[in-house]
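Chain naming follows the written order as A, B, C and D, and within any one chain the residues start at number 1.
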Amino acid sequence: MLLASGKVEPRVQSFPVLPQMTSTLQAILTLLQTWWVEITCGVVIVAVVPLIAGYVVLVERKLMADMQARLGPMRVGPHGLLQPIADAVKLLLKEDIIPDNADKLIFWLAPVISMVAAMTSMGAIAFGPAFQVARDINVGILFVIGVSSLGLLGIILGGWASNSHYSIIGAIRSTAQLVSYETAAGFAIVSALLLAGTLKIRAIVDAQQQSGVWFIFLAPIAFFIYLVASIAETNRAPFDLPEAESELVAGYMTEYSGFRWSLYFLGEYANMIVVGSVATTLFLGGWLRPFSNVHWLDWLDILPPLIIAAVGVYCVYRAGKQPVPVQTWFMWAVALACFAVAAIFAVPLFVAPLKFVVPGLHGAFWFLLKVSGYIYVFMWLRFTLPRYRFDQLMHLGWYILIPLAIVNVLAVGVALILEGEFGWNHWLAAAVTSLVTLGIAAFLVNLHDKRTAAASSPAAASVTDPYAG
Amino acid sequence: MLDSIVFYFFAGVAVASAALMVTRRNAVHSAVLLVTTLLATAGIFLQLRAEFIFIAQIILYVGGIMVLFIFVIMLVRLDVALQHIRFRLQRWVALFVAFALGVEITIVLLFARRLPGQGLLIQEPASADKLPPNTEELARSLFSSYLLPFEIVSVLLLVAMVGAVVMAKKRINDQ
Amino acid sequence: MMSPAHYLFLSLALFLIGSIGVITRRNVIVVLMSIELILNAVNINLVAFSRIFGDVSGQVFALFIIADAAAEAAVGLGIIIAFFRNRETVLADEMDLLKW
Amino acid sequence: MVTPFGYFLTHLWLVPLFPLTTASLMLLIGRLLPKGAVSFLCVGSVFLSFIHAAGAVFELLAAPPGHRVFQSILFEWVTAGVMPTLAGPTSFAADWGYLLDPLSSVMVLVVTGVGFLIHVYSIGYMGREGGYYRFFGYLNLFMFSMLTLVLANNLLLLFVGWEGVGLCSYLLIGFYFLKKSASDAGKKAFIVNRVGDTGFLLGIFFITTTFGTIRFTSQGLGDPTGFPGIFEALAAMVHQGRLAYGAPVLTAIALLLFVGATGKSAQLPLYVWLPDAMEGPTPVSALIHAATMVTAGVYMVARMNAIYQLSPAAMDFVAVVGALTAVFAATMALAQTDIKKVLAYSTISQLGYMFLALGVGAFAAGIFHLMTHAFFKALLFLGAGSVIHALSGEQDLRKMGGLWNAIPATSRPFLVATLAIAGMPPLAGFFSKDEILGRTIARSAMLDRYLALWIIGVFTAGLTAFYMFRLLNLTFFGRSRIPHEVEHHIHESPKSMTIPLAILALLSIIGGWVALPALWGAESPFEKFLEPVLSGVIPETGAIQFAHHPLIIEYLLMAVSVAIAGFGIWLAYRLYLKFPHLHSKVAASWPRLHKLLNNKYYVDELYDAIFVNRIKDLSTAFALFDARVIDGLGVDGSASLTRILSRISMWWDKWVVDGLVNFVGKFTQLLSHPVRMFQTGLFSSYAMWILIGLAILLGYYSRHMEVLVRHLR
């Protein structure tokens, strides 16, 4: 939050000067006046992210249950709506164990590092035209990537500090995994940045607004690469080797329990949110409403309140079916909350003086919707796909994704040149270059498969040890 | 005022953790402390309005090089505390020499400051908000006037990559 | 923006600490880290003066130095791993083959 | 002029080559070959050389009598520089060439034919012996050497063959080298032959320095005007009157060559090795020590007849030695009890006959007797071998008897051979022996030395008949004295042994008939055939004249010799068959004589006393001298002297030279010590030095402040 922008004057004038205050207090006040938005946003993030993470877990469990034809948590609160809170309480009350021979300092430091990294990187994300902590840092997206990659240090240090074989193997695995997949992700991001032409997050979204099309349509391959790579970066199935229960008990978290464990846990889910937000910003048009630059479709602005209201209606419907009166009342409360939020979203549409809040609110709504969709894809894949073997993982990363990503960067560049210099329609350019990229990728993969088939020798096999990569 | 707060904070962190890094006996602790130093330095860069260097420092140094260091430390299994047996005398000599060097440079700087009209502070730097956007500026000069060095550096990186692979390659007949 | 002397002293301190580390530490990995520290001190100077003179060349060279540091770390660590595989040690005072 | 010769003559060099090939094969890889292959290869090779020899001889016969000489020079063998000779300075040269003339054709036929039969015989005889391939290898090597000997066209090459056969006989006598007596016999044969060879070699040198050439003749060569052979040189020198009849040079040469002959052909006084040579396998005794090798001396003397004819003294010496050897050996044969020893002594006496013939100038008769003797003596040895085979290794006459019907295929040929050697008409021995006796008497004008020689010869004939029939009776007739364990498995020898016996029997019957016309006074075709070789260089002066008696006297003489032989046979019958114990009484009546004969006149002991022990004493004396003086003073003394000197030089080297070097090294070390302290090899210390240098430099430059500031600007 140090990146104070120059344009603070209007807010200063909006506050009356209090002459009797001492200078220091005045200074503090000026700080607050200058940056109240940033401070509130930071507080909101730090306060809300754990809650969100808990509810993401609940959603995950519910989804798993649904896909497995079960009910999932139903006891705590109606439909287990209070389950996350119960979990949090349990975790906080657990005994906090530090194993002997563990390096105390680093054991204590590691979860904090990964948590802090995730949170900090969240700071640069724009959850909407209004809600951003680091306002106009001009390397925004890089900041997000770099800082979130610091979480890696937390993981590897934790694994090393707990002085256990499972932990260190998990740590080294995850290090190798992250290092190899960050490359691919970086290339994917680069090809999106080529389209955007800037590093500032808002500028990226504005670029999509102006070009009138989300970059997922102009660089689909890049989006695919980023999807896979981000799954691997967050150590989630099918790439969850660092914490593969069947192989290493819990990977680098084996020796952790209670509060520290929950820190790691939060870090992971925060990371999911971060990568989801990055993907949303880069490829899915950030906080933009679908068809945001088609004016005769502006009536779509009514959608957010309608959706929230629909949720409320559903809650009312479920309320009648609750076995216990307490739960009925709770459902009614939820329904009322939903209606209230819907009202908050709806009113500015119709009351002219409040129009200026519309982009902020709706943008936040759309942004969160897209992020949750992205996370929903994560969960879907996790429940669907089996786990990879480590050498398969490395193989996928180094032999397929990275070459594909490199080729894709070139392809996007070519597409831009075609569009800019030769005046092609960008749809056409994107389609052509993507097809070319796919062809080249197919050629590469085929070539590599031939070579591996040729050289399937014990020498080649013995190279894939857990420290590889 | 805010500037000075930020600078002293980061400089203090940097120097303190650097000193700790040199004196700690556990290599991993040293690595963590070095990470801290680097992050503090990155803060200094940010305070200097060099955002791209700042982020490059974070991504390359902290996210890349330091991870590599810690990785290697774990590979060579060197978490035993190392005694400084052989280097006692050398350590004292080194401390003395470093001290002498520091004193010399300090004298130089202070003295140079007092020279009439030709202090160190030669011109008042442009204020933060009048700076051109850092990244674009950097990119422009990097790809126009420093293109050749840029290519050379990329070749250097390639060479280093090949060299590192050759060095660390585990020969099949070794095990 | 502080006066350049601040940055100079800061980088001086980092440089001295780094060189002391290079000289006194037995663990070669730590020695490499100290070298990284020295490089950082240099970077600080470069960036500071580029800020003063309003010229990004200093930052360009800082970038080059970072890349250089990356290369140096990669090769150095590779050498260390090879050495460790042969001699089972990473202690500086057991790497005395320079004398032959 | 040279008649165009056919394949066999032009490929004469193949005749010795076949046995050489197989011999080298055997001695190199024979161990690996199965017995069948060994016998096939060796016997086959000898058979091939026999075929080639026969073909060559027939092609030679096709030529007109005057030109029955074939000579082919394979390559220049030895070329020495010019040397002064009696015939003027000539450049010495010896080539490796083969000469086939009537004389060598007789020899080559005998060698290859009898040799082939004995090879076949050996297949059966050596069948169960160890070292089969070794035996045949030696045998083939012997065939090669013997063929080289008889086909050689110069004396040096002949000497090569001479030594080769000597070597082979040594190897084969010592074939059972684990038996001490066998190896001793081999050594004895070798050493005694050396004595003779010394003379032979001296003779060769003498010839060389006299005639300047060692090639026998230059006939049959492409250009007769090439450098001459011995005969041409001799003829030339005689015609120029540089050499007279009976010149001492010629006598010396002849005597020296004859010394060699006595050695090889076991004449007095060098015969002692032959009886011991019987230690070897019987086929070896038959081939080498009866049929071929021992006749090499006869062949050599006959080959050199031109020289002999020019020195009457040498001729007389040869004749006397031959006669004495004949009777001497015959008397020794009387008392022997070992079947092979008896045959050995009879061989010696027959060789004596041959030398007698040569001595009286009847070279053709000598060669004739050589041939017939080859037949029946080989037959006798092979028969004896077959008997020993039948009696499973028994050689003592006193343990035989009554084998006549037990082994018919052996006894019948044996009888034929005995009659032949006894000189019974019409067998081969009769003709040859009678030829010799007739020639001897023909030389004697009145009661002179030749008459004495004739009487000795006739007496020897009687003795021969006696001891041969003694052998026959003791072996095949009368009461069997064979021990029982042996008697059970008396068995006839296999076909491979009996068939050669039959062939040889046939030969010893008809072998003499080539001289049949001599009976009615005509000239025998054998002599006619050999005549061009054996007539000396100058028929007119000093050629040997033979008196021509009327036929009746000839017949009378024949009758006398036959009668004496018959008397010997009758005596043997009386003593050994009619009254089997009489001979022991006779022996008892002259105990001294019997003892003398039984111990072979103590000749071996005599030699031991005279030569062997003296030589041993001499060598012990030499050994003492060597040990005391040469080793003691010379070698050890110089060694100890060297040791002392080297001590001194070592001290010098260690303390002075090395000391200097070490001093230099130490000094350098001392000087370099302070510098070495900087060179620790630890990079950190180097870094420290860099830092120190930096500090110093800065301290130096900070005196020029404005420079620094300007840099900062």
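Rule of thumb we're sticking to: a residue touches a chain if its C-beta (ideal position, glycine included) is under 8 Å from a C-beta of that chain, and two chains touch if they have at least 3 such contacts.
Note that the structure is predicted; figures quoted are calculated from it, not measured.
Visitor: Quick check: more C-beta contact pairs at B-D or at C-D?
Guide: Looking at contacts between chains, B-D has the larger number.
Visitor: What is the identifier of the chain with the smallest separation between its Cα mean and the overall Cα mean?
Guide: Chain nearest the overall C-alpha centroid, as shown: C.
Visitor: Taking each chain's centre as its mean C-alpha position, how far apart are chain A and chain C in Å?
Guide: About 35 Å, centre to centre.
Visitor: Need the CA-centroid distance for the pair chain A / chain D, whole Å please.
Guide: Once rounded, the distance between the two centres reads 114 Å.
Visitor: Which whole number of Å gives the spacing of the CA centres of chain B and chain D?
Guide: 104
Visitor: Please tell me the distance, in whole Å, between the geometric centres of chain C and chain D computed from their C-alpha atoms.
Guide: 99
Visitor: Two or more other chains in contact with one residue: find those residues in chain A.
Guide: Chain A, residues with two or more chain partners: not present.
Visitor: Residues touching two or more other chains, restricted to chain C: which are they?
Guide: 19, 23-25, 93
Visitor: Counting only residues that touch at least 2 other chains, which ones in chain B make the list?
Guide: In chain B, residues 52, 64, 75, 87, 90, 94, 98, 101, 105, 120, 122, 128, 134, 170 touch at least two other chains, as defined above.
Visitor: Show me, using the given definition of touch, all chain pairs that touch one another.
Guide: A-B, B-C, B-D, C-D
Visitor: If we count contacts the way the header does, which residues on chain B are in touch with chain C in the complex?
Guide: That would be residues 3-4, 7, 11, 14-15, 18-19, 21-22, 27, 30-31, 34, 37-38, 41, 44-45, 48-50, 52-53, 56-57, 60-61, 64-65, 68-69, 72-73, 75-76, 78, 82, 84, 86-87, 90-91, 94-95, 98, 101-102, 105-106, 109, 113, 120-123, 125-126, 128, 131, 134, 137-138, 141-142, 145-146, 149, 153, 156-157, 159-161, 163-168, 170, 174 of chain B.
Visitor: For a test of understanding, state which residues of chain A touch chain B in their complex under the given definition.
Guide: It is residues 2-6, 27, 103, 105-106, 109, 137-139, 142-143, 145-147, 149-150, 152-153, 156-157, 160-161, 168, 171-172, 175, 179, 182, 199, 459, 462-463, 467 of chain A that touch chain B.
Visitor: Using the touch definition up top, name the residues of chain C that touch chain B in the complex.
Guide: It is residues 1-10, 12-14, 16-21, 23-27, 29-30, 32-34, 36-37, 40, 43-44, 47-48, 50-54, 56-57, 59-60, 62-64, 66-75, 77-82, 84-85, 90-91, 93 of chain C that touch chain B.
Visitor: Give the list of chain B residues in touch with chain D in this complex.
Guide: 87, 90, 93-94, 97-98, 100-101, 104-105, 107-108, 111-112, 115, 118, 120, 122
Visitor: For the complex, which residues does chain B have touching chain A?
Guide: 1-2, 6, 26, 28-29, 32, 35, 46-47, 51-52, 54-55, 58-59, 62-64, 66-67, 70-71, 74-75, 79, 128-129, 133-135, 170, 172, 175
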